[in-house]
Amino acid sequence: MTLFGQYVIHLYMSDHKFFPLSGREMPRFGGIKTFFRLPVANLSEDFDVAIFGVPFDGAVSYRPGARFAPSKIRETSSLGRGYHFSRNLSVFDALKVADIGDCSVVPMSVEKTYELIEKFSTKVLESKKKYISAGGDHSTTLAHLRSVKAKAGKPLSLVHFDAHLDTYPAAWGCEYHHGAFVRHAINEGLIDPKSSVQIGIRGPLAGDSDVNFNKEHSLRYCTMDEIRGATSLASFCASLPAYEKDQPVFLSYDIDCLDPSCAPGTGTPVPGGLTTYESQKILQSLKIENLVAADIVEVSPPYDQSDITALAAVDVMFEILCLMRKNI
Amino acid sequence: MTLFGQYVIHLYMSDHKFFPLSGREMPRFGGIKTFFRLPVANLSEDFDVAIFGVPFDGAVSYRPGARFAPSKIRETSSLGRGYHFSRNLSVFDALKVADIGDCSVVPMSVEKTYELIEKFSTKVLESKKKYISAGGDHSTTLAHLRSVKAKAGKPLSLVHFDAHLDTYPAAWGCEYHHGAFVRHAINEGLIDPKSSVQIGIRGPLAGDSDVNFNKEHSLRYCTMDEIRGATSLASFCASLPAYEKDQPVFLSYDIDCLDPSCAPGTGTPVPGGLTTYESQKILQSLKIENLVAADIVEVSPPYDQSDITALAAVDVMFEILCLMRKNI
Amino acid sequence: MTLFGQYVIHLYMSDHKFFPLSGREMPRFGGIKTFFRLPVANLSEDFDVAIFGVPFDGAVSYRPGARFAPSKIRETSSLGRGYHFSRNLSVFDALKVADIGDCSVVPMSVEKTYELIEKFSTKVLESKKKYISAGGDHSTTLAHLRSVKAKAGKPLSLVHFDAHLDTYPAAWGCEYHHGAFVRHAINEGLIDPKSSVQIGIRGPLAGDSDVNFNKEHSLRYCTMDEIRGATSLASFCASLPAYEKDQPVFLSYDIDCLDPSCAPGTGTPVPGGLTTYESQKILQSLKIENLVAADIVEVSPPYDQSDITALAAVDVMFEILCLMRKNI
Amino acid sequence: MTLFGQYVIHLYMSDHKFFPLSGREMPRFGGIKTFFRLPVANLSEDFDVAIFGVPFDGAVSYRPGARFAPSKIRETSSLGRGYHFSRNLSVFDALKVADIGDCSVVPMSVEKTYELIEKFSTKVLESKKKYISAGGDHSTTLAHLRSVKAKAGKPLSLVHFDAHLDTYPAAWGCEYHHGAFVRHAINEGLIDPKSSVQIGIRGPLAGDSDVNFNKEHSLRYCTMDEIRGATSLASFCASLPAYEKDQPVFLSYDIDCLDPSCAPGTGTPVPGGLTTYESQKILQSLKIENLVAADIVEVSPPYDQSDITALAAVDVMFEILCLMRKNI
Amino acid sequence: MTLFGQYVIHLYMSDHKFFPLSGREMPRFGGIKTFFRLPVANLSEDFDVAIFGVPFDGAVSYRPGARFAPSKIRETSSLGRGYHFSRNLSVFDALKVADIGDCSVVPMSVEKTYELIEKFSTKVLESKKKYISAGGDHSTTLAHLRSVKAKAGKPLSLVHFDAHLDTYPAAWGCEYHHGAFVRHAINEGLIDPKSSVQIGIRGPLAGDSDVNFNKEHSLRYCTMDEIRGATSLASFCASLPAYEKDQPVFLSYDIDCLDPSCAPGTGTPVPGGLTTYESQKILQSLKIENLVAADIVEVSPPYDQSDITALAAVDVMFEILCLMRKNI
Amino acid sequence: MTLFGQYVIHLYMSDHKFFPLSGREMPRFGGIKTFFRLPVANLSEDFDVAIFGVPFDGAVSYRPGARFAPSKIRETSSLGRGYHFSRNLSVFDALKVADIGDCSVVPMSVEKTYELIEKFSTKVLESKKKYISAGGDHSTTLAHLRSVKAKAGKPLSLVHFDAHLDTYPAAWGCEYHHGAFVRHAINEGLIDPKSSVQIGIRGPLAGDSDVNFNKEHSLRYCTMDEIRGATSLASFCASLPAYEKDQPVFLSYDIDCLDPSCAPGTGTPVPGGLTTYESQKILQSLKIENLVAADIVEVSPPYDQSDITALAAVDVMFEILCLMRKNI
């Protein structure tokens, strides 16, 4: 153990290795909080995956608080480790990952925030990095899809974990809110609905017309009944599409796909959801050769309990990193 | 003190439709809180199901707080929707439902509270409504059973979700407490034990004699081991009795049938309980042609976390409404 | 979307008296929650003061949650009583007061919310009622001032309790946020700065130029040092202006004028603030003959502890009602 | 430090010294929790002051939870020490004090609980001990007054700290509730109102008639305005009566005399109350030669925050012990 | 019901029966808190199983707080009952069990605490009792293993529930911390790795070398994937070893083997863990003829929610008592 | 506003200005959390005051958690501003301040942690910076005093805010714990007791001998009675010593000097303490020409409520920065 200034040196060292600060150099409760205790880096540096925060909750319809998610996830990710048991993968050996800070937002304007996210994420993509965005509410995903699709040059496949369909129409005269990004993404041609999939969907809904948009666009939604009604979780997983290298994929994980017992800290919780174990198994089963970017959204720390929701989010980010390793 | 009606209020709309206030007219966090954002109505109005609160916790043996359940459930039910996915049912189209306020109680007297509940619920039944009562501790169910049995003219079948048998003897010289209503209900001839069923029961118990009352009266109790030990949840559900139209049924749902991870906000939690998903599936499988009334009890908001217990209660009330639609 | 009246409901009683529901008819933890357990009324009815909520927090710069304040204040006001000890006044005898529900809002648009508030509050004023608005964040006050000034026909005097000056410039390209209403109110000619006063101000500030706006406009700000440095609290109170009948006054009470120990449940708390007792004494000392309307803002229930912040807000609303009685 | 079994030995040792278990023998977070870490004793043993709990909250009108106060106060009193700075008194040297466990109660019956308390406290008094009762709600004080008055043979002087007068009439047909003990005590001749005093009283009240009972019976009530309006706290203290040895006194301390910022964990908090420092000074100023017994009531742990209310209660109990030393 | 002093008498009575204080003598929220409301006893008395606390958290690497576990578990165990449903066993009839208080600790020294635990537990074993220790962090288990192995005269089999392997090397120059006891136990020859088993293990880990120690020593670790991937939970249980009478067993239960939804109150939670029901079934399936001692560790009350973690711990202790009955 | 990567650039820019990141560039809830949103710097850079964390709580005697204080204070300091109202000082214009990360610690060893702190703080001092350390428990102060005294070459004057004297003897065989640093500091000759002062001291104490150490060494302790009993707060402040430039001063602020209502989040709270306003006034009155270093200790986030304790700590750090400006 170096006796002095590890963390400062870690942040500034000329040869940093994009590796998490070890709990043996600095106990995990210590140090400035970055995602997974990774170094903070500038996009000009040479690494593979950028993680950043999008501290925005201006488009939620019930409980706010997701603006504090990036900060809380950074703190909780101090508990993170890098070796994946069932994949036999040390992800931070396989990938160079860095925290690049937060994308700025305008708390009272979805539209202005969209502009900021688009510019920010475009720069990340232009630097040839993949990325994970720690939101923020689910409205923000639309801006990511715009950037990623523009860079990819073709509609993306969306792998979407959520309790909600997020295809809802405008509300209160506002097109953009946290339950509408899928509708916009399809209408704007950002995603290819036929190769996309929604996982964790459950009711109650507002009405039977809620699924019409899905039906019109052949967007598959896997309800909890489909998942739990399958012969086994593995057989459900086997039913999910596999994505080849030429098909760019965006993974959007709304923490409310999880059951409220596992993720109380979210804005619009719905009983009867996934356990964290089921979520792990589904994520581990995904076959995605080109996962360009991902986000984790709707973590609301003021409603969390003992940080278990943030911890679940960290675990998802770890699984996503493992998925990203595949084709780099 | 006027015993009835002082808080039986209604929403003033010349053409009200017994339909929840839409989240698009008023965001769900806004407005005076009524059950499911329904109008408040007077019993003289024409609707099908009345929901009311019974804010009583004077008979609990451990953690109090259920007196605040009606208020908290009203607030949390703002998140409720009306369309049931797997039933393909818009329940508020199928049923006219209203909030009729709370039944008054006497916080320090079970007996006086029983009188108030009996008068209140009798009036509801006389107005030819079905009802859901949001308790309150489980002692209150006895008063409901008295009214409903009197109106039905024959013993009821009880469908009873609980971790506890609630057949316990008097305690501290008090016949009536939150663990004794089943014993009284059978002894008073209010329910028919042979066609009744208890779901979610688990130990530890005080002693092996705890199940004697059940055995004597042939009252079936389904333990967690029976439920989880079945070939599948569906096969367990198939084993439950079906109730024809001529058999009046009362459904009593003690939130502590759920596991503490799903329902921490209750007075006497017991590990190893149902998940909310299992509870949904069991409720959805019930075959009840004449569900006259129901209650949801033992939600204790001071011990809840992020309102997940109240949210589970709202979800149960939604399932109960769907069950009530059948024979109206 | 209907802009007005969908939630303007009333209690149905043929002879209602605009009097709080007694705790003896229904224990205070029971019943549908309205402000001070008052009847819900339509503006066409004959009463003096309307109380309504403005569940908006879309313009806060730090902790959100004020959208839940109207609901929480209604609940907590169940503990309210009507007799003022030192004034020897039974305020609900002296005034007919009703809850008129919430003004709808657009969670993600300050501007659209302003329109809704202006229409709503104008209707209230047109019905010849005074009012108290339970916010909501402090951005909402501007809309109230617009309506009240328009109705009064002359600039208002503002009595403003706050830790902050709220004269800050636009942020992130947005003119309207929760720290700017005073600047706009003066620039729009809504208030007369010279007869207005700010109470509870304290630092740290962003810079010494922060007070320039006050100085330019001769808007008095009473710092905690001025209040605590006075010979006595009474002598400070005596220094406050008295407002005659011809001078319409708006009182805006930001709960963060109180110390965080008394009001933890707020968005931008500042140590070193008023105690609830000091606040009571200052409110009781005010000489206002024509208090047209008032608001209480920045109560953030997700950050409250045991509802003490909401309780402080209820107490302030009671003092405001007493002030309103004067000239009706 | 003894290496083995200190605590067990402490409880059982033949020569225990009625002295708190030292934090040096067992860290303060360790050990079975008794009041002030004192030994548990039988009344037949030779000590001066008994402390016991009365875990009853069956007569509260708003937030319950005081049933958990004895347990929580025992735990928190682990932080207690015995030397009083300004009195220069080591109270556990001056007095032999023991924990005698809890008085049993009947959670759903005030009357049956009164019987239990009267029998219990009478036995304590018959064993020639003074006592402190850790309640419990304020209804329980009446039972104490009955026992103590019976033993004293003459009406007691009551020194009563409270936000409320507790002279309220029956509610919901129940004579006995947590806001009525003073009325009963005077009507039953248990206390002498003219030599009694109430400290910390504040509004709002239900009406101006609320103070009539006090006026009729010449029972002095010191409002917060009287306390804070005095030239100094010392001058207010000097105005309180002194009690000679021949006048038996009961001190009843309702934790809601304190401001909600200091005591959030109580059933019916009222803003504008005493600070803990003011309470200390008033208690230290009391001149009571014969303080026979005392209680501390209305601590509601489910509503406490970081145990600060329980800690305030422990501090009050320490001051009471110091007061009791005087005439033993 | 005895009217006076039940609890004091219970503690002191000459003929106490090592039976929990009944909830009918004293409601479960009342009384001085001991494990399962059992009498406090001296080791010289005649009973079978001693329960004691080890309030130590000086060796945790993330969230502390386990020092408060013994106190909180005592309180929560008030809800405990003695009859095991599926075993048809009244455990407190079958076993004489007592609370012997806490073992003292040195909060800032693992080594000194080890000495204290070893002396304490050795005395317990010398008195021919089995025991359950309520920790405390997981570092403390090593001291227990030393005592128990010394008494047994041969290496023990360890049945170890945990999310973590606890075979980690020294950290910060400290050999002893809460993630290293298994390594030391094997290196010191205290346990026989080949007959031991770890249950609930899951990642992420620090690296693939983390399992090397297990492999070298043939210590079986059952991951969540192994448990959930088995044909059924019963078939997994059947794969666990059976221990004959001549093989002394120590059971160490780290509460973080449970999922964070079931056990949020722990220091280093890991998503994807056991449910309380699964844990019950595994514990019930164990075949251990000679369970000498056990501990339950890593319950951290400051991070618990509504005491559900402590309640889970109580449930585990009840199952352990049932296991201990077998061979006494 | 720069649209991209403000924060990253802020951390890395070649010409950074040691100025907090503006809330207008990045809303205060966004960005990686550093003290006061200051840049992270290496000691080789040119600035005046270093702020760092010492995340250690291994020497507390009651509630742990202070290890999380640096992280929580960083987060809460996002609300900080730089302009001091009554001093008319923009502190970040007057001083160049930077966050230099955390000093590493050994969670289970006070002695090893002392070594780390001494080396760390010595390096800071050698780089000719003043510093503020955000602890951590109060044991850590001793290590600071060793470094600062060594660098100063003469005993320091200690200005010590605390509820406790911290002169207590060894406990459990451990010389170093969180209540002993003053004793060691005097015994080691690190501070000059005659020119030092303790502020906020209150009882109860363990015994009258507790103040003997102070008396022997002529170390002044100002009790709450002295502070509140003074003619005015200003007159008390005037009684405090003034320190000339040749007298190096260390200021140690234990957050428990504040009342538990203002600082619930601490390990050993004591009722009857300072308000945040009183603390501000005392800090503002201090006359210290050479404040070399300071620490703020005993903030325990797991016990905080709505971050008010952390917020009070941030406010103290702001006052300390203002004090440090004087002689640079």
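Structure notes:
The letters A, B, C, D, E and F name the chains in turn, as written, and every chain counts its residues from 1.
Following the convention adopted for this analysis, contacts are C-beta pairs under 8 Å (C-beta built on N, C-alpha and C of every residue); 3 or more make two chains touch, one makes a residue touch a chain.
All values reported here derive from a predicted model rather than from experimental measurement.
The chains touching subunit A as well as subunit F are C, E. Between D-F and E-F, more C-beta contact pairs join the chains of D-F.
At the subunit B-subunit E interface, residue numbers used by both copies make up under half of all numbers present, so the two copies contact each other through mostly different positions.
Same interface as A-B, judged by over half of the contact pairs sharing residue numbers, among the pairs E-F, A-E or A-F: A-E.
Per-chain CA centroids place subunit B at a distance of 40 Å from subunit D.
For this pair, subunit C with subunit F, the centres built from the Cα atoms lie 38 Å apart.
Contact of a single residue of subunit C with at least two other chains is seen at positions 1, 24, 27, 29, 61, 63, 67, 107, 172-173, 259, 261, 303, 305. Looking at which chains touch one another, you get A-B, A-C, A-E, A-F, B-C, B-D, B-E, C-D, C-F, D-E, D-F, E-F.
Residues 1, 57-61, 63-65, 67, 106-110, 112, 172-174, 176-177, 302-303 of subunit C are the ones touching subunit A in the complex. Put simply, subunit C touches subunit F in their complex at residues 61-63, 171-173, 202-208, 210, 223-225, 228, 259-261, 264-265, 268-269, 271-273, 303-305. By the touch criterion stated above, subunit F contacts subunit C in their complex at residues 1, 23-24, 27-29, 78-86, 88, 90, 259, 261-262, 275-277, 280, 305-306, 308, 311-312, 315, 318. Contacts from subunit E toward subunit D in the complex involve residues 1, 3-9, 11-12, 25-27, 29-34, 40-43, 53, 55, 67-68, 70-71, 74-75, 99-102, 104-105, 107, 115-116, 119-120, 123.
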